[in-house]
Amino acid sequence: MVEIRIHGRGGQGNVLAAYLLATAAFLEGKYSQAFPSFGAERRGAPIAAFVRIESTPILRRSQVTAPRYLILQDHGLLRIAETVTGLVREGAILVNSPDSADTIRSRLGEEGFSIDPSVRIASIPATRLAMELMGRPIPNAPLLSAFLSLTGILSADSLVQALSGRFSGDVLQKNLSLVKAGGSLVEAGLWKETVNA
Amino acid sequence: MTSSEPPSPSVDWAALRNSQPRFSGMESGHGACQGCGQALATRLVLEAAGPDVIVANATGCLEIFTTPWPQSAWTVPWIHSLFENAAAVAAGIEVALRAQGRKTRVLAFAGDGGTFDIGFQALSGMLERNHDVLFVCFDNEAYMNTGIQRSGSTPHGAWTNTSPAGKVRQGKRHFKKDLLAIIAAHGIPYAATASVAYPSDLRTKVRRGLDIEGPSFLLVHSPCPLGWGHDSALTVAVDRLAVETGLFPVLEMERGHVVETMKIRNPRPVREYLELQIRFQHLLGDSPEAREEREHLQALADANIERYGLRAEAPGPRDSEGADTVRRGGSRWG
Amino acid sequence: MREALEGSQAIARAVALCRPQVVAAYPITPQTHIVEGLARLIADGLLAAELVSVESEFSAASVVLGAAAAGSRSYTASASQGILLMSEVLYNISGLRIPVVLTCANRAVSSPVSIWNDHQDSMAVRDSGWIQLYCADNQEAVDTTIQAFRISERTELPVMVCMDGFTLTHTLEPIDLPEAAQVDAFLPPFHFSRTLSSVAPLSQGTLVSPEFFTEMRYLQHRAFDAAEREILETDRDWGHLVGRECGGLLHVEGDREAPVGILAMGSVYGTLKDAHQAGLLGRHVRLLRLRSFRPFPAEAIRRACTGLADLLVLDRALSPGSGGIVAHEIRSALYGVPGAPRVANVVVGLGGRNVPDGIFREMLDSLEKNPPAFSFFDLDPRKLPDPGPDASAPSGSLFSPR
Amino acid sequence: MGIERDGPPSPPRVTPGGFAFPGTTRSNHTGSWRLERPLYETSASPCHGACPAHEEIPVYLDHLAMDRPREAWESLVAANPIPAVTGRVCPHPCESSCHRGAFDAAVSIHSVERFLGDMALREGWSYPGFDGEKRDEAVAVVGAGPAGLSCAYHLRRFGYRVTLFDALPEAGGNCRVIPDYRLPGEVLSREVERVLAVGIDFRPGTKLGRDLSLEDLEEGFSAVFLAPGRQKNRSYSVDHALPGDLHHGLDLLWEWRNVGTLPRWERAIVVGGGNTAIDLARSLLRTGTREVHVVTDEELPGAPSQPGRGVMPAISREVGMALEEGVRIHPGRRIGRLILREERVVGVELVHALKEIEGQTPVHRAFEGTETVLEADAVIPAVGQEVDPAGIARLLRNRTVLPVLATGQVEGETRIFAGGDACPGGGIVSHAVGSGHHGARMIDALLRKKELSPKTPPTPIPYSSLNRVYFERRPAFALQEAPPEARDGFSEIETTGPLPLLRQEADRCFSCGHCLECDNCWTLCPDGAVLKTGGRSDLPVPYVFDYDYCKGCGLCARECPSGHIRMVPEP
């Protein structure tokens, strides 16, 4: 079972990102589960959402405490301990940031987190991309696209289809262009072996 | 001098009763007190409303004295749920009927407790959501069902078991809640007050309330011989005085604006009203406190008359003296 | 049709398939998405129903009471304080024997304030005369919701469909939504034998004297016997129609011959079963899922417990000063049964506390150490103001502060 | 064992949700709560009590108010067959007693009575109630004035054969001398003819004591009713002095009626305070006498009075109109001396005087030293009439009037009854009508061998028993009255109004003690214990109490506008 934790702030579309991912998985015939961290937080506060993907029915209802993947909707979240807690060895973190993966890794060290060397880190400037292509700082579409490209666990088409189920017209078109752009910013299949490991 | 004969055993009373030229929504045999103003008011409201109605009834005397299972006095479909939810139950009935395309009219009945106080929230919500319901409050100015405790509707100075008159208190300290002003603030199509002393006026208002689409509200002043402490024969007389003193203004509002009032040609002194009721007996003495409260009540009555412009010099069809003058020949309802 | 749906949206769609004519609700976390979903379906013309956005849960319950009494299929949903605010009306609806379906998005009850899931709200109204069906997952919540209308209308008892707040309501997962034609075939148009009507006027909600009150209550109590049969039959019929059942009154699986059993209600059962399948329990365990808390299927419980030496009962609500609630009833059902298992009762997951899959093994291990009859299993004594002698006890051990 | 029922009743079976069937409280007979029960009870209205003709005034007012003029007239003539006459000439004591007078103004009952009387004449309505049992007995009635006519009429209604004797060629009695401006002769004639037409064997020109005797009547008839009236002028003189050309007032009025002429004087003095005096004074003015004075030792009606002080018996309205027309009235005076030249009157000496009533007998007193002189060329006494003893001396036994018992029987007689002006009291037409009616009822009782039980005068319902809040103040109807300057001839002074106005006037009636059928009791009973009977023959109309449910709260009695409901202790 793949367990993913998405971190963001209220209003950034965090839960939606989780739902999109789970929906994309469902569309590929997999079993999936997505749920928010059930917080009472208001707009702007750090929040998390969870995704489980599996080829058999998912029974587990507990929160995701040991995720394989973290998706961070902004790099400021790296300062918060809860963000990285429980990440498994050989896990991976995708960060929305203009900074490079190395810069992020060293910043984590500066914050006092000891990151296992097996943990992989990647980043894309998703917010900038969203501002350019959509005019709004909603980074989740390019992030998800990049995540799928890196891991290959689901196809970008499934994400496009999931988005089509939620949006239409101009908003959908802009999201689709964000998916395309996001996916192109990372090296496809870079984390694939991790998945298969 | 001729007297009516005692009932003849040969008379088919049931048949006679069933052939009365009026609709009977609440049958005889109910257990209301002798001279009950609420029983009278309810009978009148139902007569005016006719058979094609559904009644949602709040907890209170009315519910208790009409439905001692396995009996019921009601001949219209009737449901009692709780003290505070008559308006909401009626709203539910109304939307259900709307959904089903049924044309039956919906009435909600409550006392002043179920209207001014515990039921107020549901009432306000019902009015705000524009349900096509006529809410009728039988206002007897205290919680009578539980044994005469003060309510938001109890008038200033009145004795109740929770606003007793004693050495340092002269009955209820607070004023009767100006419910009508609050109702007015909802801007509903129609709201009115009425009195059992003016049955024709009351009937007209029931019909108007039912005819108008959307929520309507009718406050019916309904004396309680037990709680007010007046002779059971005086129910109507007392209520007429409530109107003619100005203490209970009778009026109609549309969209929150007063459009019609029952005028008073010869306002009666408040004392006449107080004297008939034990709940005000402590205000009739010569002590300075009693005098002050009496004057206060008179001032409240005068203020009502002024506020609603109740004074009239010339007779009118809807003034307190002309509204229910008798018509001979069985045409009271004509 | 299979769709990936948030639990609340799935419930909204399931309710819509049942063609209610009146929906009344007041928003409260975590119920809100259900009613919002229904509002959207109505706004889009996909559901022809009157949506009454009332000013309180009290009125929500009152409106559906009136609406159902007036002959319309009616639905409401709430949670937590909302259920408690409704409670007076809930008693009334059942006492009047009016068929209504309510979704309880289970949530803790304040104070202190908690918006998160446990079963305190529905447990608080367990004696209100409502059928209570607890759902383990969203598919079951959908299926149970549809079944609930039929059960309610056949038994003239109101049905509360209990689904865990957030854990189910806010979780997106694949759902099989039945076809409208299937639901229509399964659920006939609403009929209430005592519909308020000027054609056949009846008086409902009368004053009943001591002379008759006992018999009235008895009638209501007996209706729950019929409800047991109705729940089973309805679930079976549903199974024939769509190919899946919801577990009737009490679902038993796992290791049928095992001497140890765990009984749970609601979504925590999924995690338990997952742990069982993953071998995390470390022993053979019989799994019992109580779906129907009211009617309480005492006979089914006695049968399911045959051969058990120990039964661990998970409660997600508390009767302060007493302990768990479900366990009491289980013990009561087993009272006097020869060879009945010992019943250990743990309260876990109050106020949304995570119930991780590893916790079940700890519970089972603790059974071997002659545990107390009742404990707060996931209590962390370090957080108590006066930790006392057991302060050093690690989290996850059986600990009874009494 | 204490008290046991026969077989325990099977208890009702509980229902799902505790529902109940509609209207089932009817099995709950809350009438058992009652300590007092209401009764519908018709009480006498004050107008009825005051009406000498015993008219059921509220009843016919009610009919008219409900736009049933014919029924109104029919119930009116059940007591009084000549309403067009009485409606004009009666001083209507009913109105003085009317409770409405204390509220706004008395109901103008006489206007209604007159209107109905006129309408009946105009429409040609015939009397109801003559289709009952026919009786073989024959009754003689002597005197075809209002008393005799009334008696004959009611006897016919009871089914008797009636022979009516009168000395004069026409029926009508002293009504005939009432001037046309008050009572047009034609109105009188038509009502009299209608009475005679009910099958009365009328024998005009037949005078008792001349053409037949009392013994003839006793022999030929089962009973006799005597109503000879007072035809003999009371003797008049001033200290035994009399003018040579003495005319009595009543004789002048008869002359006017029969011949159509009256003497013309320069200045005539009429002595007396009754209707004859006033009628004559006004007639004289109309026929050319330049100045007419009326001298009476009584007070003007309505003048401030001491108890016991005599007041002019003339109808006060008539006195008022006489004054308006120019008749000069000298109240509290009497003629002390006639000033004669030869036998011709040239003037009189007036002296201050008064009439006091002490017990039954009037005492006249004059005050010396108060004399004044009034020139005149005629002094006409109109001081009243006496019973003519011819033919009835046996009954009079030296008394001036026929002594009658409460049963209407002449003292000492069984089969001889009397009424009208020949008996004590009386003097007005409606009284005569009433006494004739009473006589007829008593004769009927005698012939049916029933007890002769005269009705005791009913105690009228007090004003305080009415609930006046249900009435709106409304101005009373008034007959149109010709202004004094236009009253030169003998055409009627007062004219009536249209039906709607009279109907409204009738509607002003409080219906004291009678059911208004206002629906108040039916409307205001909290227990629905008042039922309308809707004209069912087996029940009283219009309402009955259903004592199964009446809790005895008393609300209906308190709110009955007309005092028709009384609360009595439960038996």
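We call the chains A, B, C and D, going by the order they appear; numbering starts again at 1 in every chain.
The working rule: a residue touches a chain if its C-beta (ideal position, glycine included) is under 8 Å from a C-beta of that chain, and two chains touch if they have at least 3 such contacts.
Because the structure is predicted, anything quoted here is derived from the model rather than measured.
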Innermost chain, where centres are averages of C-alpha coordinates: B
Chain centre separation (chain B, chain C; CA means) in Å: 44
Distance from the mean Cα position of chain D to that of chain B, given in whole angstrom: 49
For chain A paired with chain C, centre-to-centre distance based on mean C-alpha positions, whole Å: 34
Inter-centroid spacing, chain D versus chain A (mean Cα positions, whole Å): 113
Where chain B touches two or more other chains at once, by residue number: 66-70, 72, 74-76
Chain D, residues touching no fewer than two other chains: 12, 18, 20-22
Inter-chain touch pairs (all): A-C, B-C, B-D, C-D
Touching residues on chain C, where the partner in the complex is chain B: 21-22, 24, 48-50, 52-56, 58-59, 62-72, 74, 88-89, 92, 96, 196-198, 200-209, 212
Residue ranges of chain D touching chain B (in the complex, touch as defined): 12, 15, 18, 20-30, 33, 39-44, 62, 65-66, 458, 469-473, 507, 511, 516-520, 522-529, 531-534, 536, 538-540, 542, 544-549, 551-555, 557-559, 561, 567
Contacting residues of chain C [partner chain A, same complex]: 2-4, 6, 29-30, 115-117, 137, 164-168, 170-174, 267-268, 270-271, 273-274, 277, 352, 354-357
Footprint of chain D on chain C - complex, ascending: 95-98, 156, 194, 201-206, 208, 211-212, 215-216, 219, 223
Residues of chain A that touch chain C when the two form their complex: 15, 18-19, 22-23, 26-27, 31-36, 38, 40, 58-63, 65, 162
